[in-house]
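Next come two complexes built around chain A: one with chain B, the other with chain C.
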Partner chain A sequence: MNDLSFLKPASRQIDFDNFDDRLLLYVLQYEPSFFTCISCGGCTATCSAGNLTNFNVRKIGLWLRRGETEKLSEEIQKCMFCGKCTLVCPRDINIRNVILLIKKRIAMLKNENTPA
Partner chain B sequence: MNNKHVAVIGGGIAGMEAASVLARQGLKVTLIEKQANTGGKLNDWDHLFPDFSSPDELVSSLATKTKDSGVNTVYNTEISRIERAGKRFELRANQDVRFYADAVLVASGFNVFDATIKEEYGYGLFGNVITSVDFEKRMKKHGQLRTIQGTAPKRVAIIHCVGSRDAKVGNTYCSKVCCITGIKQAIEISEMLPDCEVFCFYMDLRLYGSTFDSLYLQAQKRHKIQFIRGRLSEAAERADKSIQIKAEDTLQGRPLRMTVDMVILLVGMEPGASTSQLIQKNQMTVDENGFLKSTNMHCARNQSTQEGIFMAGTAICPMAVNETIENARSAATEIIHFFENHRP
Partner chain C sequence: MEKLIILPFSIGFIYLLGILGFRFVKWVGGLSRLDKLRLIHSFKTRRFFDSLKEVFIEGLLHRKIFRKNPVLGYMHMSLAFGWFLLIVVGHFEVMVSRQSLIAPIYLPVFFRYFETSHSFPLSGIFSFLMDLLLLFVLSGVALAMLKRFKKKLFGMKKTTRLKTGDRIALVSLWMIFPLRLLAEGMSAGLYGNGSFLTSTLGHIFGNLNSETANLSLWTAYSCSLGFFFAALPNSRYMHIPTEILLIFVRSAGVKLKKRNNTYTNIQVFSCSRCGLCLDNCQLSAAGINNTQSVYILKNIRNHNLSDEQLFNCLLCGKCEVDCPVGINTIDLRITQRIESTRQYNSSYEYLEDGPAPNADTVYFAGCMTHLTPGIIASMKKLFQLAGESVWFMDKEKAPCCGRPLMLAGQYEAASKLIANNTRKIIGSEAKKLVVSCPICYKVFKEDYELVNVEVVFHAEYILNLIRQQIITLKKGSDRIIYHDPCELGRGMGMFEPPREVLRATGKVIPIKNEKQMAHCCGGSLGNLKISQPERALLRNQAVEDYLQYRPDVLATACPMCKKTFSRHPGLKVQDISEMVVQALQSKVQPKAVTKKAKSEVLEAELI
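So, the complex of A and B:
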């Protein structure tokens, strides 16, 4: 049978009705300052990794708030934890800790899903 | 009411306007200015937004109004204390001068944010990084904008929110007048130097005034000013004294770097240095941002938390020139009501 799946492409919409908040709730619990981000981009501008790769630390935050767990787990590997993002943040968010918490939570979720 | 005496602290535009309104109502008014002349910070500004009018004309018309209405203006006198003395107030000045008044109006203004605190922007380190206040002073003095090398800049970056909306410097509030100041200065640069490219780096453009958005439109349409949504992370001086700046073009989602001949930092407004001195020994309090607190921000904007002491202008919060003058008139009205209702 012919593959007709292209006739029904996956939606590009951000789906707030099926929101994956497993990462977000964990980050907010330990780093509540994260919620005050205004997407100014100061972090991305100063980011060591972002100047050499397509890593965008501001978008990490945005994906976290939109529940885009899949994208995050791969992207987060590019961070070098230099902490410059935290130094420039006008909202005084500990961005370095946010990234660390995302990593931790992803590891926890992986362990939960791995059969003993 | 006519034998009542009001002491107005601060001879800037708020103090002058309020003093002249009160004097025209028949009150005895003493306007106390710490400097040798009235007009305050407006004496340094070259043009006002949004109409590019002259601050000198405004200051001199207010000075005439103050003089003609019979206000007694005292110069070179800085009030350090306001204390209650029976039903009146005793004001102490620097050189042991004392004033007595039935009501006090604090119009002590604001401080300009010290941009050297944002070290990463290089103000005070790199000669071609200046503030919006330096821009006004230079334009007023020289009528032109030049780099430290003496050349006309070919590319200028204007940086919004310097010292405002920044937890790192302790100011989380918006100074609200900087966005429109940046657009005004961008237009002035482009008119003066038509070959100069001007970029504004902003987080949000807060153009709250009724005619501010049309100036924004004009800046884009007629002057080709470019607006980039991203906060500056750092500035560095190159060997040729040009400045390399880094920001994220957040709408592209990519980091950006740009070399410019000059950087103008739009510095915000901070509570006046004299404010903290004045609130000692009386029960005036400050709000979360360090500006003088009103008893009610809607219906008693000019009343301080201490009965009989009123406030006007930027001692309350960041304000534009027109708002400051309106606010001063409202303070004068509240003082008149105070005498009518409380001190028959």
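So, the complex of A and C:
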């Protein structure tokens, strides 16, 4: 209730010179069905994790498209993989796999950034 | 000079023994200390003899393959058991002829070449026996060749693709016994030491018989043996020695515990790539042909397993049912998934330990049941009739049970959810936990440590209500097909309770593909890669099979299966709890026990 941050939105401008599409391209390569997402929010409405915390699957998709890797790596941890989102999706997107791919790619990127 | 013919055989044999020794020591040494103790202990108990018996029945006689298809079974038995008998009888023959218990290991192999006289006691009987056994093995080789071209005769629709190493081993294996026949036939023609088979062949050779031809045939025979032994460690035939080790290790009680160890290797090398799992796998109906257990095992062995293959499996367990080696493919695959995703687990710091109200019984519906509200309504009705004080644990907010995470390999993440749920259930001081979803049921039974809490599946719970006559049902005339959910049937071995419940509501029709061989609905949470259209293909395959029996209702005990099947237009699908509630006798009034009434009884008891 006290989350009033929307009153002071941060800049939403996307800098295409610094656009990080590594995550998005990876997901689309292995789960092309994500192309068809219409951001209806059905997944968010049914989400078990979203029921417990402010986790939002639709926002995951939005951030994925905007290349917000930093924010995603925190948020994606909350998913419990129960699979309800996949069952209710009107576009038959395999959302569970999308989440798994994001998690995997983020771990891969972290490994790349930290020299062994 | 003559002894040179044993050289190829000996080199191959020594190389094979060296590799086997090295691998076996590495594998057994790599087991955990506890597992090693288990293995040593098992040698001192009756299990040792049980294992020996299993080695004989499965490794030599191939009983499981016989049950699957007699011709296929005969082919394996004639090769394995026939060869084994050839070795054993051959050794006896040498012992008798040399009048000594110790004989060089190569002698029985090339006996007809070295022992040209046939004057030792029982020589006639021995040569007859050896010819008979050779014929037995040759019949197996002939069938094996036939199988390459006409696999349908052997009850197999598909077979695995061979690698180069396998081809070399296969060809040399096929060559061994025909060459032995030719060589022994030639020797029989020259020296007259054969019996019905080899002597006849010697006569047919007639003028072709000569010392040189004899020597070259025996050399060829030795070479084919040598090639086979040398190719064996790098081919699928490695399963022959490894399976023996597997049987001993498995019966000692060694299991994979969410972690890779050398037991994985033992199982992987035990796979004979027979391809029986291919025919059982439903994924081929959706055109997925590279993720079946046999290929996963092969990829683990070759270190080229991709996530796309690893996660493209329904984990329905059908491949395990017919595996002649008894490899635990599901555990193996989940362990691989755990290893593959170990780097990215979640901690779920947002989970809170909410208040847990006291109750006798806890009901955990699970995420999937929340998508099928009909089941929740039915369960509530039944709880009301039973008059129990029930705490509906995940009515509004609760974490998932953890099984979907387990299936995705996120074991550490799942343990966080398990710990949270466990604290709540224990906190409620309940005696019983009722679940209406097999996916939850499996994880509650296997991975939760709920002391003093009985985990009950709703089918068992309802069956108990019927038996105690707390509810009475009116038996209808509906034709019911019961669909075994994978996690409940093959996963937990519960086949009868749901059927018994259904028998109280209508007529349950037995069908061909049920129980161990039941279809997967296609909705499985085990598969993370399959697309919805592909899932629909699997579902339609199952529905088509069911529709042959003209059922009125397709009953199931899993919300996930219900959800999947209900997308098909031509079928009425219901959960068993819904069917029970429909069949309730209307005369029976709900005998709801109010809290007040209960406390009165309790007080009376105390006085």
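The rule is short, and it goes like this: the second predicted complex is superposed on the first by the 102 of 116 C-alpha atoms of A that agree within 3 Å, B and C clash if a C-alpha of one lies under 4 Å from a C-alpha of the other, contacts with A are read in each partner's own complex, and residues count from 1 in each chain.
The rule is short, and it goes like this: a contact is a pair of C-beta atoms (placed from the backbone, for glycine too) under 8 Å apart; a residue touches a chain by one contact, two chains touch by 3 or more.
Here the structure is a predicted model, which means the values were calculated and not measured.
Residue contacts after overlaying the shared chain place A:M80 against chain C, while chain B stays out of touching range. Once the two complexes are overlaid on the shared chain, A:T53 sits against chain C while remaining clear of chain B. In the superposed pair of complexes, A:V88 makes contact with chain B and with chain C alike.
More residues of chain A are touched by C (comparison of chain B with chain C).
Touch criterion met: A:S39 reaches chain B, while chain C stays clear of it.
Overlaid on A, the two complexes show chain B and chain C touching the same residues of chain A, namely 46, 51, 88, 92.
Chain contact summary for the complex, chain A toward chain B: residues 38-47, 50-51, 56, 58-59, 88-92. Per the touch definition, chain C reaches chain A in the complex via residues 307-308, 311, 341, 343-344, 346-348, 350-351, 367-368, 370-371, 396-400, 404-405, 408, 410, 413, 417, 523, 525, 528-533, 563.
By the touch rule above, chain B contacts chain A in their complex via residues 120, 161, 165-168, 203-204, 229-234, 246-250, 253-256. Those residues of chain A that touch chain C in the complex are listed here as 30, 33, 46, 48-49, 51-53, 77-84, 87-88, 92, 94, 96-97, 100, 103-104, 106-107, 111.
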